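First subunit A sits with subunit B, and in the next complex the same chain sits with subunit C.
This part shows the complex of A and B:
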């Protein structure tokens, strides 16, 4: 396993959370989609470097939005 | 309150907060419920419907005020000491996701004791990329002995917190084929070739190239400007090298940003780019006094960041990612796309709008969509 990296903190970066298998299944069933249908995030993305992700994981992103307060967004992990 | 918890999934946070703040002092639970239900009904009716062509509406909403913008952006000098690309050129730059942008700017925020304005000039000056050129007083070449003497400017060296000895060492490191010798108690460096037979023009070449040797500061920072924003001092620089800047210990790494989107993508990830695009576009529009709804810009920046990489809105970016051959061909360079598609044997499943327009079929948008959802056959 690669060495665990420190989380990059910045005003521009919203909170990134990795979904566990159960949550992932529930999400995909709710929208009736597969992981490849989600918007993507590279596995090398520096905002998730501390999360230890693999291909086909789903990342939940909790954004601060100027119109809705907070909004959640999902991205599927792909390799470069 | 329990009631508000119930509506948490249904209404966005901002609206709930607003309702909470504006409730009358004495409001029974049943009345609050009625209010919330009325708000929910209103909210639902204003949400974009499935199949609504939001992209088209967004394009028109940004495009129309964009035409107003062109006229008053041609010259925009003299507002601050630094010249910044604004207006339509900057907007095109952002949306095209250009790799090299006209004016790169970094906004450096400082940590607590440093942002109070003490020594701000010195801090700013220490960031600036300084070449050997700026420490020079005179260079002379002795043709007979094939030697070069460099006279240094002592005051400038002192200001940069360096010594002639350090500079000599930097020179030795970057130029291997010459020997540098500092004269005692004098800021004069004698330069001699390490080998005996040397052409005169090589010394002349050295005389020019030595001026561009990097001495101190951060590479890429061309100009620095300390400014006061609100109650704190910060540094704005022309040219950017975020990676190096973030390594410095007196900098607030949480707020320091640049306007180069690729730099942000590399250091902070795709979600940060999405936010940065929105910020940069809004900055341009606000400066022009143009009011475009934030949601249109959100849509644009979401689209640019969909694939996990930053893509511009042009034929090398998001158009290239489209799965449909006809959609790609309809944008730019149609023959190239059609030839490549036929070579590869690509199939177009006619799922999107533009290819159906070409074939004179109903498009899957608005009222054209339900047929596709329920699979009529």
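This part shows the complex of A and C:
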């Protein structure tokens, strides 16, 4: 099945971005963790269907926050 | 015990291994072999090799243990063992044995996996274990075992496998034929150590054949002590009885086997032995009749000692009780400080504080001993340095007074200023248990300042609270530094003071700062009643305003700006202005003084610290109450009176509402009612009527708010926010309004009508629960019925919702309990996994903020 590479646009779906290797390394170093210590996201999650992801990739999520305006969140991709 | 006994830790636990005891292990740890069911000989002395053998531990005071040589309470007891004549199944391992039998070959004992796949499976298990933890590994083991149950040919020796079943509780059947425990044991013995890995078992600590008992450990007498009755008779523990049965049957079985008795008799005895061993471990096995006392009540054996609510875990370990605590009804006392608790004299003489005698306090402590236990302030006990506890009575007092010297401990009565912990259930947050100073008072209730009701969520309709007295210096220091009321002023939930004024304290300060004027004499009276001694802050005038009196309580260099929500925006008093400790404009209402609202109290706390803040809140609280005492304050019937014009206006509003409702109904009947999208015609009608009638109620409410007497005390309570609101007032004086059940008008009852006094299919307001009268005028009979319906509904609702939401909260708190904020501001769980990347997404510690925000403007102003 050909993947539809199209950003899911909906006001309730925050922006999902895949981190490149360099960014990923920097993130893991900053928090002194491994990918498995991050919160998880399924590779089949429809919010990241537009991204080309594999297991152990890291997804950056930019959300609206009632306390801080915007907040960034990270999730590690897992397979089912 | 205590530190001074110099107990040096010479050994530390490095690891704990869970395994199953094999026969060798049991024999090694045992200090006696039990061979006879007899307990005592003719002289009443324990029989050697009996169940009460002296080598198994001491239960009689004065005797010494034959195994370890220590006295009662020091000797932990020692295990013994018995050799069983025939092997017996352990009831708790029935399932595991079945798994082994099903997953291994009946001939060669290998696991039913082809040789070439075994390593594959082992690797899989290891991977799961490393990546997802032990829980998942166990899951995987189960999965593998489940897949093996259907294989009917051994991949190693090609032997045919039969289906094995359990006939509960302890019989195994292979192809409808019974397999004896001996046969099972030989099969389990054949299983190779290497194959055990796939069962998730370490062969060093568990061998499958150990699941079948050939020797049985006898628990030490210390865990089954016998009691001597008053008649001198001995009564044995349930476990001892059960063990006696086992030994007796075992003995008979041995004899019969040796005598070469017929197989049937041996089988029977064997089954009986199996039954006794099974009920020894668990007397509540579903298929077995429980073993009973002669009186008929079932024996309490090992499983029932541990299991369930009355078992060791929930009753003795999780449910430990505490000494030095008290519980009674609470009642309010605004004259107490916020961090004090009033303790009844009777309690103060029961609860004690241990104080060690030194050269410097011996005279002081002697006074307590002289008073004894019955005169306050006295002392109940003296503890000698060797740990002996002596009660102080009229007889022993003189002698004890001579005996005491530094090093003794006196357990003296509670006195004012002692540290205590005060708690009200449900303890939902940390403010539910705070440290208070003791104030010993007459009466029988625990007293607290009503301002601390908010953190405890207490009221005085019969609430009870608990009091604990910490017994060591460390505990006292911790309670004082971490839990005293001062330390809990700012709520970590919303960053505002959780302790503030309520009820009369708010209305009092509201009236004072709104319009009161007092003579200097009266002002000084008021302030001294509150506890103020320095009156230099009072302006030297004959007539003083309430604001000037209130200002005396504020620190001199305090500056603040806020708003009074009780005042309309165009009024000068809407803005609270405090300059150099003087209230220039603004009225003190709930939005400024209330608990959990407004920044006034938060700013005082920030600038002057917690101890000062406690003082100030206490004074403001008392000032409010003193004002009301001086002025008089009554919520009276006439407060709900309306002028004639107002009443006419209200009548007009209601008549108008009736008219528009009939108009809507007419439109509905004619079929030209405009339908709301997504609704049927009938639903639209209901919604429109509800909307119209609610508007009518709101209109009457507004008329009441505007036209009723603004100078009444009831109005003062409503405006200040102390109690009640405008709707309550409108319901009393004008119109109660529409009663609603599940979001719509009342539609229940008979077919086509709610009550039999209405016509069928009447859609009018009064037939569906609109109450047009107020409480003061009185309700019509049918109106009363509707009121009762909604009243009962809401009662049921609260009664059902409270436990449900309580449980929901408990689950939430349990799920979040070991999350913590790390030094890099991430929130992580106990395993170090990240839950949140920045605490609260903004990294703010709410308890250090002002209502969850950091006021940068204020900080800059302070620095300048």
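We take it that the second predicted complex is superposed on the first by the 76 of 80 C-alpha atoms of A that agree within 3 Å, B and C clash if a C-alpha of one lies under 4 Å from a C-alpha of the other, contacts with A are read in each partner's own complex, and residues count from 1 in each chain.
Here is the rule we go by: a contact is a pair of C-beta atoms (placed from the backbone, for glycine too) under 8 Å apart; a residue touches a chain by one contact, two chains touch by 3 or more.
Every value quoted in this text rests on a predicted model; they were computed, and no experiment measured them.
Asker: For A:61, using the defined touch cut-off, is the partner it touches subunit B, subunit C, both, or neither? Pick first, second, both or neither.
Answerer: first
Asker: In the three-chain superposition, say which chain, subunit B or subunit C, touches more residues of subunit A.
Answerer: Comparing subunit B with subunit C, the partner touching more subunit A residues is B.
Asker: Once the structures are superposed on A, label A:33 by its partner contacts, choosing first (subunit B), second (subunit C), both or neither.
Answerer: A:33: touches subunit C, not subunit B.
Asker: Figure out whether A:12 sits in contact with subunit B (first) or subunit C (second), or with both, or with neither.
Answerer: Touch status of A:12: first partner only.
Asker: Touch check for A:20: first (subunit B), second (subunit C), both, or neither?
Answerer: In the superposed model, A:20 contacts neither subunit B nor subunit C.
Asker: Based on the superposed arrangement, let me know which partner A:74 touches: subunit B (first), subunit C (second), both, or neither?
Answerer: Only subunit C is touched by A:74; subunit B is not.
Asker: Contacts for A:41 in the overlay, against subunit B (first) and subunit C (second): which applies, first, second, both or neither?
Answerer: After superposing on A, A:41 lies in contact with subunit B but is clear of subunit C.
Asker: Residues of subunit A that sit at the subunit B interface in one complex and at the subunit C interface in the other, please.
Answerer: Correct list for subunit A: 39, 65, 67-68, 71.
Asker: Which stretch or stretches of subunit B touch subunit A in the complex?
Answerer: Its residues touching subunit A are 12-17, 253-255, 257, 264, 266-272, 275-276, 279, 294-295, 298, 302, 305-309.
Asker: Mind pulling up the subunit C residues that touch subunit A in the complex?
Answerer: Residues in contact with subunit A: 131, 824, 826, 831-835, 837-838, 840-844, 852.
Asker: Show which residues of subunit A lie in contact with subunit B when the two form their complex.
Answerer: Listed in rising order, the residues of subunit A that touch subunit B are 8-14, 16, 39-42, 45-48, 61, 63, 65-71, 75, 78.
Asker: Going by the contact rule at the top, pick out the subunit A residues touching subunit C in the complex.
Answerer: Per the stated touch rule, the residues are 30-31, 33, 36-39, 65, 67-68, 71-74.
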